[in-house]
Amino acid sequence: MSEERYKKGMEMLKIMNPKSYKQLADNLEDIAPDMARFVAEFPYGDIYTRPALDLKTRELVTVAAITTLGTAPLQLKSHIKGALNVGCTREEIIEVLMQMAVYAGFPAALNGIYVAKEVFEELDNEK
Amino acid sequence: MSEERYKKGMEMLKIMNPKSYKQLADNLEDIAPDMARFVAEFPYGDIYTRPALDLKTRELVTVAAITTLGTAPLQLKSHIKGALNVGCTREEIIEVLMQMAVYAGFPAALNGIYVAKEVFEELDNEK
Amino acid sequence: MSEERYKKGMEMLKIMNPKSYKQLADNLEDIAPDMARFVAEFPYGDIYTRPALDLKTRELVTVAAITTLGTAPLQLKSHIKGALNVGCTREEIIEVLMQMAVYAGFPAALNGIYVAKEVFEELDNEK
Amino acid sequence: MSEERYKKGMEMLKIMNPKSYKQLADNLEDIAPDMARFVAEFPYGDIYTRPALDLKTRELVTVAAITTLGTAPLQLKSHIKGALNVGCTREEIIEVLMQMAVYAGFPAALNGIYVAKEVFEELDNEK
Amino acid sequence: MSEERYKKGMEMLKIMNPKSYKQLADNLEDIAPDMARFVAEFPYGDIYTRPALDLKTRELVTVAAITTLGTAPLQLKSHIKGALNVGCTREEIIEVLMQMAVYAGFPAALNGIYVAKEVFEELDNEK
Amino acid sequence: MSEERYKKGMEMLKIMNPKSYKQLADNLEDIAPDMARFVAEFPYGDIYTRPALDLKTRELVTVAAITTLGTAPLQLKSHIKGALNVGCTREEIIEVLMQMAVYAGFPAALNGIYVAKEVFEELDNEK
């Protein structure tokens, strides 16, 4: 275990998406606790902390990637929230999702937009 | 045919990536000329012209999407060039490609980086 | 906006799948209304109106493509309905889905068949 | 129909996963009964009966493949059960799923682990 | 081995694509001869011989599926030839490939068209 | 940077596939040297060193995953070599590749077998 990377990752997660990570760590607790640690260490500790890209761009390219995969609505949801948390607007997120129609096809883009709709409605209801 | 969208798309392509589009249109000329027109009209005329995202972000999310697909090195090459044409730095592009290791796996990220290496070397040799 | 393509697309949709499009447009109304317009204009206005393929073949190749993607059960459902609307038989649709086992793997084919089963049961219950 | 392959497949299924196959055959009965026969004949009759790999390894590579696809949670569930049925431990299955983060990305690995969690909880509740 | 299915498959292959199968069988001869047999038996012996779809439609949905995968240019090439062998026109094949832009994205469609271009040029040169 | 994980990863790579890693690190040297370090640290330092699975099984599930992706022939090549390096037989590797026909489709399995053929021929020629 590398204490320092884990700490850096957890600090990054505090800025980006503490709730989603908490949920993920709770889900993995009994079955694969090391996996939760790897998520903190590698994506958040190693990658998101690098200075070459700002966090808004990092979240938007992640939204693009997961929408293209089309297989991970849960993670798309959590990164749409992450994008909002670091300052992206709803309009920017929708725009990225729409652009995916060109590269990943209309079904992928539409399903991404439906996930965003769900996130936005949840956030509006929390208010 | 919608003359206006085509014209808007071709203007956008002049800014973003005139060489790659020329090559695509030449390739399609005998076999599917309407497809070249659709490329100008829909991605470039309809999508890239929308004001909600700047062109740098649009190209970076496209690089993310095509790297995630993993099936389109030719188009990745042309969008890495497009990203440079609209002002992204090489470092930013590499950073997006590295981040893809998290979402699309290490092979996808590595293959994306190899495509970028090829593009950068071509550009260095043109000088 | 290109009025004419939109109109052509909406006419095509009236033949192919008016209910699914209505649902899609309603879903997108608040969040991405332009996306609904793009769906009418590009796939339906530009592509499905082309004379080179009959609508039955167009729907069957779409069923094949979406089954292969494996990520879009909602859109598969709507295109299975579309295939029936333009005159494909249930047997033809099932046959396409079974053939997908060869190219996209058995899980993709089985999941496609389960979606078809759902559609056929819904239609039988509507009677 | 090739009676012998079907019989060999059904015997293999008795060892590996009789419940999942029963469920699949029931689901397909009205809509695509030949598909159920193909599943018995080709994967189970032709492939799993070959001596070059033991059944534990066969199930683990299948778990890896379906996790990588990311589109078939139902089939992943049934093969995680199959892996347990032929003698894999829960720890081995989780380990394969975690390793998929490297090749198919973290979302694919996490979603695979969530499916395993569901399977293990079901089995614990059956006791 | 099921002699009858193999024979039926080889007869089907004689109609559809004897050259491509010969090449495949030669490639597999030293390394995986059973795989060549499986290709004759399952796709060609079991699936393509079923009466529910004509061979033209079977080849067009296969072209759609392989274009959507985007990972198998060799097999796409051989099925484009197969489509022509059973009576599809070049225009119909191109039309299917263009339609894939909607479902699998523009890069997948463009790469499919480039493969078709290669096939058509080879055939023109053989004359 | 976490010195210890890197060292553990490099030791693992010495056992599994020193040549392929050397090639990868050389390729990345000018363009993304941190990526080479991440490859040593995360897959090899963090994952492959875990005791829950032996290295033979780890390489076979990786071969299954990359064959399923279908987008990474370079990495498939290097993991087929890795599998041989840790004691898998050629027959076992071919068997995994053939099994992929069931889950990822025949084209993915065939393309995997062609990559293996290339690797085996290279190794035979080196003798």
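Going by the order they are written in, the chains are A, B, C, D, E and F; count residues from 1 in each one.
Note that in this section contacts are C-beta pairs under 8 Å (C-beta built on N, C-alpha and C of every residue); 3 or more make two chains touch, one makes a residue touch a chain.
Worth saying up front: this structure is predicted, and the values here are computed from it rather than measured.
It takes 180 degrees of rotation, in steps of 5, to superpose the Cα atoms of chain A onto those of chain F.
Residue-numbered contact pairs of A-C overlap by over half with those of A-D, the repeat interface among B-C, D-F or A-D. Placing every chain at the mean of its C-alpha atoms, the farthest one from chain E is found to be A. Interface residue usage between chain A and chain D, two copies of one sequence, is largely distinct: under half of the residue numbers at the contact are used by both copies.
If you average the Cα atoms of chain A and of chain B, the two centres end up 24 Å apart. Centre to centre, using the average C-alpha position, chain D and chain E are separated by 28 Å. Shown for chain A are the residues in touch with two or more other chains, namely 34, 38, 42-43, 50, 66, 69, 71, 94, 98, 101-108. By the touch criterion given at the top, residues 24, 27-28, 30-32, 34-35, 38-39, 42-43, 66, 69, 71-72, 74-75 of chain A touch chain D in their complex.
Looking at the complex, you find that chain C touches chain F at residues 101-108.
Those residues of chain D whose C-beta lies close enough to touch chain E in the complex are 2, 4-5, 34, 38, 42, 46, 50. Of all residues in chain D, those touching chain A in their complex are 69-71, 94, 97-98, 101, 105-111, 113-114, 116-117, 120. Chain contact summary for the complex, chain E toward chain C: residues 42-43, 47, 50, 52-53, 57-58, 60-69, 91-92, 94-96, 98-104.
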